[in-house]
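Dropping the structures in below, format is structure tokens.
Look at the two complexes coming up: chain A is in both, with chain B in one and chain C in the other.
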Partner chain A sequence: MQHKIIQDYNEAVYDTDRDKALEVINRALADGITPEQIVFDVIIPAMEAMMASISKDFDANLAQHFMAAQIASEVTEEMISRFQNPPESLGTIVIGTSVGDMHTLGKRIVSGCLRSMMIDVVDLGVNVKPETFVDKAVEINAPVIAISSMMMHTATSENGCLRVREILKERGLEDKIKLVVGGAPFRWDNDLYKTVGADAWADNGISAGEMIKKFVLESRS
Partner chain B sequence: MITGMERLVAAINGEKSDRIPVFCNLLDQGADELGIASLQEYYANGEHVAEAQLRMREKYGYDNVWSLFYVGKEAELLGCEKITFSKGGPPNVEDYVIKNYDDIVNLEIPDDISALPAFEENLKCLNILKREVGGKQPICAYLTSGITLPAILMGMDKWLELLLMGPTDIRDLLIAKCSEFFQKEIDAFRKAGADVLVYSQPFGSTDIMPMRLIKELTLPSMKMDIEPGGVGGLVYYCGSSPFNNVIDMMIKELGIGVFYLSPKDDIAEAKKIINGRALTCGVINDIKLVSWSREEIRAEVKRMCEAGMPGGKFLFGTLVMPYDIPKQNIRAMLEAAYEYGSY
Partner chain C sequence: MPELHISIDQDELDISFEPGAASVKDLLDQHGITLPSHCGGVGKCGLCMVRIESGACSPLSLSEQSTLTAEEIKQGGRLACQVKPLADISLSIHKADNPTAWAELDSSASTGEPSASDAHGQSNGQINGLNYGLAIDLGTTQIRATLWNLESNSRIDGITELNPQAKFGADVLSRLAAAKSSTEQAEQLSQLARDAVGEAVQILTSRHNLPTSAIKAVTIVANTAMLALFAGRNYEHLLELDYWQKPVDCLPEPDHTQAWAKAWGADADATIELVQPLAGFVGSDLLAGILSTNLMASEDAALLIDFGTNSEVALWDGSRLWVTSAAGGPAFEGSGLSCGMPMMQGAIYKISAGSEDEDAFEFDVLGGGAAIGICGSGLVDAIACLLKQGKLNIVGRLAEAFAKEGMPLDRSGSIRIRNRDIDLFQRAKGATGAAIAYLLEQSGLQSNMLNRVCITGAFGSGLDCRNAAMIGLIPDVKAEIIELHSDHALCGCEMLLLAPEKKRELACMRQQARLINMSLAAEFDMLFVDKLFLKPL
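Let's turn to the complex of A and B:
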């Protein structure tokens, strides 16, 4: 039953069909599946299945990544409002685009993906100063700072990830906070994340969600 | 001496000249070429852009010049009032023209693009390029397709939301308006002397859209864009996203005659698919040009030429070259392209 729901739900997501995906969820609710089961037994496993597919070279495209994150976060938010008891958050991370970068899509996909997996996200928006990333991460005890950069000069800028790394070093926070980057330049040069001082990079928003979840879980152990 | 235009025409016709045409897309580097410290100051004057384009082409010897300032210029033509400039890279749209769906309903497409004050510097630039190298070197213009333009008018995530989740009437209205803008823009550029019209269409790549949606949404919008003015000079380009698997459809459905591949596309496979029906442009991963050694650059250019040159109808090109690429690497790439691209 659960397997069939996950399969139908992911088929709708792969087909970028939001109405059909919501129909699958509503049908499951009508059949007596609880909101808690929808989130923990359908949405999270479905997202994990999509992550696994992508890591095995499943040829998903940007529209599918966007819809997967959008629908999952939308359904999760709706279901949580119906929970008997509020769910425990796995942690909170900080995300934003680097200085000079106005592109919002990548962080929106990552955020949607994380929220559907019970990880809270503080979105600092676009054109974020390095100090702001670190100050906010310290304030909320975030184990991860995620920086999205869609252009080469914003990815490699001295006011971007490079400066965030310097501040983490200056404040002795390198063991506590991981630095994850994403965006087009990192797809064209897979070693660029090292050049800018990041701990990791991800090829797309869904894989970034998987990477960040791993760091969040590690920080709890 | 043979000109860039003669090389390009020969390649399109499947004939051999001295070597393959080589397109090198240097934009922001123009400011440095003229010794202007600020990109904002550089792009404020069409004479700067024209002068720098002419100088860089002369200095490096490649086969094209650009009338493109930066992509956000198209948003400015439709009312964008704020562009963010930075030192080391292309300007960004900061103020979106479309903030809500009412803005889509109220969006007005100007009748005559060339009469807009925001187009004045483009025209100045084009007039100089036409006067100096018209007919001798291909003059390139950059035009965003009707289904892609909303991304710079409202932001990519808001556009994807509307495109994929509706309301469909608002979505279709915006595509129709942006397509109308495209038709007028391409007409303005053609009249001003642009020969090579780079049609930016990321939504025509299956890295961005599923094939089903390319057929249902992208293709009909492309017909709206292209059919009124025809495909003369049009270059299919998906903004660095690969598209080998749509090439056949684009030739059969639209008759497009030039394909500017992604560095991720297999050049030999593209040539096989195209099978002499169009010009294939092999494109180097220019992000790697920042860090590659001279030997690595030469090896990559050699590989690309060997994959693309058999059977002719091949051009070597770059994406929009990042500002950080060292000048010696630009030279190494071009020298290799001239050497391995010789007939």
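Let's turn to the complex of A and C:
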């Protein structure tokens, strides 16, 4: 029974068929599966399976990658609203794109994955100044700043991650806030994250989510 | 020193080298052989694959193990950017992008009638009286040049080659970043483009027994990045958002143009004009296209799409002109694709499903010889055919059976379309599709209100418009309103070369154009995702 739901849902997500995915979930609810079970036993494993297949295939299909995260996030939000007890948020992080970078897709994919993992996201938008990242993280006590850069020159800009690292250093925040980066240039050069002063990078939505979740959990202990 | 023995198709070459120091790609680069690359030489794109026939090399790198298939490794396939030769080795290359090879330009690309030989040039001994000019469309991927007799306003000849700047990256962003990182690289980029013009002057004049000094005028249209790099002006600002919306000065210094004329062997007083762009992201190539299609003379709504690495779109709504560009990557030009190549000899440019065996494809090859790869228009047909056959879904994934090894197009299976290729094509299509949809929305028009759709650029005149509409590359409009042309930008450039009064039209266009910067449009990313799917716009 559960297995069939996972399989049908997976298939729908794989085809980026949002309506069918919702239909599968609604049928499961009607059959007495709880919203909690749907999030933890269907959506999260399905995302993991999808991202595993995507990460094996370099630069895999963007439409699919994006829609998978979008559907997962949408279904999760819907399910959470029906939870018996509102789930405890694991923490809140800030995310945005670096100065000069107007690409929002990577950030949206990661945010979608994080929401389905019970992590809240404050989205600072695009073309975000280094100071804004740090100020907001301090204000809301975020343990992670996530920066998306889709172009080499915005990834390595002195006004991007490099500057955020400097500010963290200047203000003595390096123990409290981890810096995570993502985007196409980091996939071309897997050591680039070190060059720009980040603590970690991830090459797809789910691994970014897992990486960020790990940092969030560490900060709570 | 040990030697590297290289066979490229029919040619052979030996290079001596220091063992273990440089990669095969570096060694080839040093000798002017540029292999395609999309990942900057980190072993991820697989485009620089060579076959090692014999000899000892460094062991397979981790990225080679993940990028190459078991079959490719078994046949001696290695990535040139990763492999270092240790002793004498022999290797073969099949798909080298040879940047110095100029090819014939499809003659339909021009406004005038080509004449096989120019009697004037051969019979007239008065060299001073010769009056010829060159029109050049300097594309990110391809350069096209035509030679004109300025007395008779007749087209003499036309040639094309790949932009040699590609070794700094396939797209404008990587070239601008390279130029910004050092003035030396900026100078190299400028030099590569200037040398290409010099070669065009040399080849076109010598073919018609003309002295290079017969060239009295050179007119160049291009996107803003190409113009800025060529002139060595303001290229460092083009990566900044603030400059995208502003006019960008790409005017060369007068003493520079004199030096260029001298280097090219053109007449010392030759007029060299870089037609100035409209703004940071709308170049003079689009303006030239609007000029040659006479877009603004249309009574009703007319759309112009110039497909390229940097696609540009103009929409005339009957009283207003809207312009924008979309940097979707070089997939339309066949670059960056495992099976891709530019629209040159050996390229599959048209494909249809076989009539008897519905699994087989029938295809047309440019030049009629053996197929080497597939160019943009061929890829459009292939994607449409695969969709019709149910071997590809609208998300852009090949059926399970072809997911790993790709879909073979020819009988030998050496030309294959892979998931990755389709994804790159979708990204390019997504960007242009979003630009078209956004302009229509801004002007309050719908695609069924269009009265003319002019299509030019990377797909040439071989594009199958039904297939293109089916996969959402162009608006789904009636076939009779579509005008296909291989190079509207070059035609507009030719007009500017031949008829100075056209410059007034150009000035008027500059005044009227409303710039739309897609990257500043909040809706862009969602439109882009929607247009990734292989369905009508």
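Convention: the second predicted complex is superposed on the first by the 208 of 221 C-alpha atoms of A that agree within 3 Å, B and C clash if a C-alpha of one lies under 4 Å from a C-alpha of the other, contacts with A are read in each partner's own complex, and residues count from 1 in each chain.
As a working rule, contacts are C-beta pairs under 8 Å (C-beta built on N, C-alpha and C of every residue); 3 or more make two chains touch, one makes a residue touch a chain.
In this text the structure is predicted, and so the values were computed from the model without any measurement.
Annotation: superposed three-chain arrangement on chain A; chain B versus chain C shows a clash.
Judged by the touch definition given at the top, the superposed model places A:Met152 against both chain B and chain C. In the superposed model, A:Ala184 makes contact with chain B only, not with chain C.
Touch criterion not met for A:Val122: it reaches neither chain B nor chain C.
When both complexes are overlaid on chain A, the residue A:Ala63 reaches chain B and chain C alike. Contacts of A:Ala49 after superposition: neither chain B nor chain C is touched. In the superposition on chain A, contact is made by A:Arg18 with chain B only, not with chain C. Among the listed stretches 39-47, 57-65, 111-119 or 255-263 of chain C, only 39-47 clashes with chain B once the two complexes are superposed. In the superposition on chain A, the residues of chain A contacting both chain B and chain C are 14-16, 59, 61-64, 66-67, 100, 102-105, 108, 127, 151-153, 188-189. Put simply, chain C touches chain A in their complex at residues 39-40, 42, 44-45, 66-67, 173-174, 176-177, 180, 239-241, 393, 395-397, 419-420, 422-424, 426-427, 430, 519-520, 524-525, 528-529, 532-533.
Chain A contributes residues 14-16, 18, 59, 61-64, 66-67, 70, 100-105, 108, 127, 151-154, 156-157, 184-185, 188-189, 191-192, 195 to its touches with chain B in the complex.
By the touch rule above, chain A contacts chain C in their complex via residues 14-16, 57-64, 66-67, 100, 102-105, 108, 127, 151-153, 187-190.
Touching chain A in their complex are the following residues of chain B: 84, 86-90, 92-94, 155-157, 160-161, 164-165, 206-210, 212-213, 240, 263, 285, 287-288, 290-291, 322-324.
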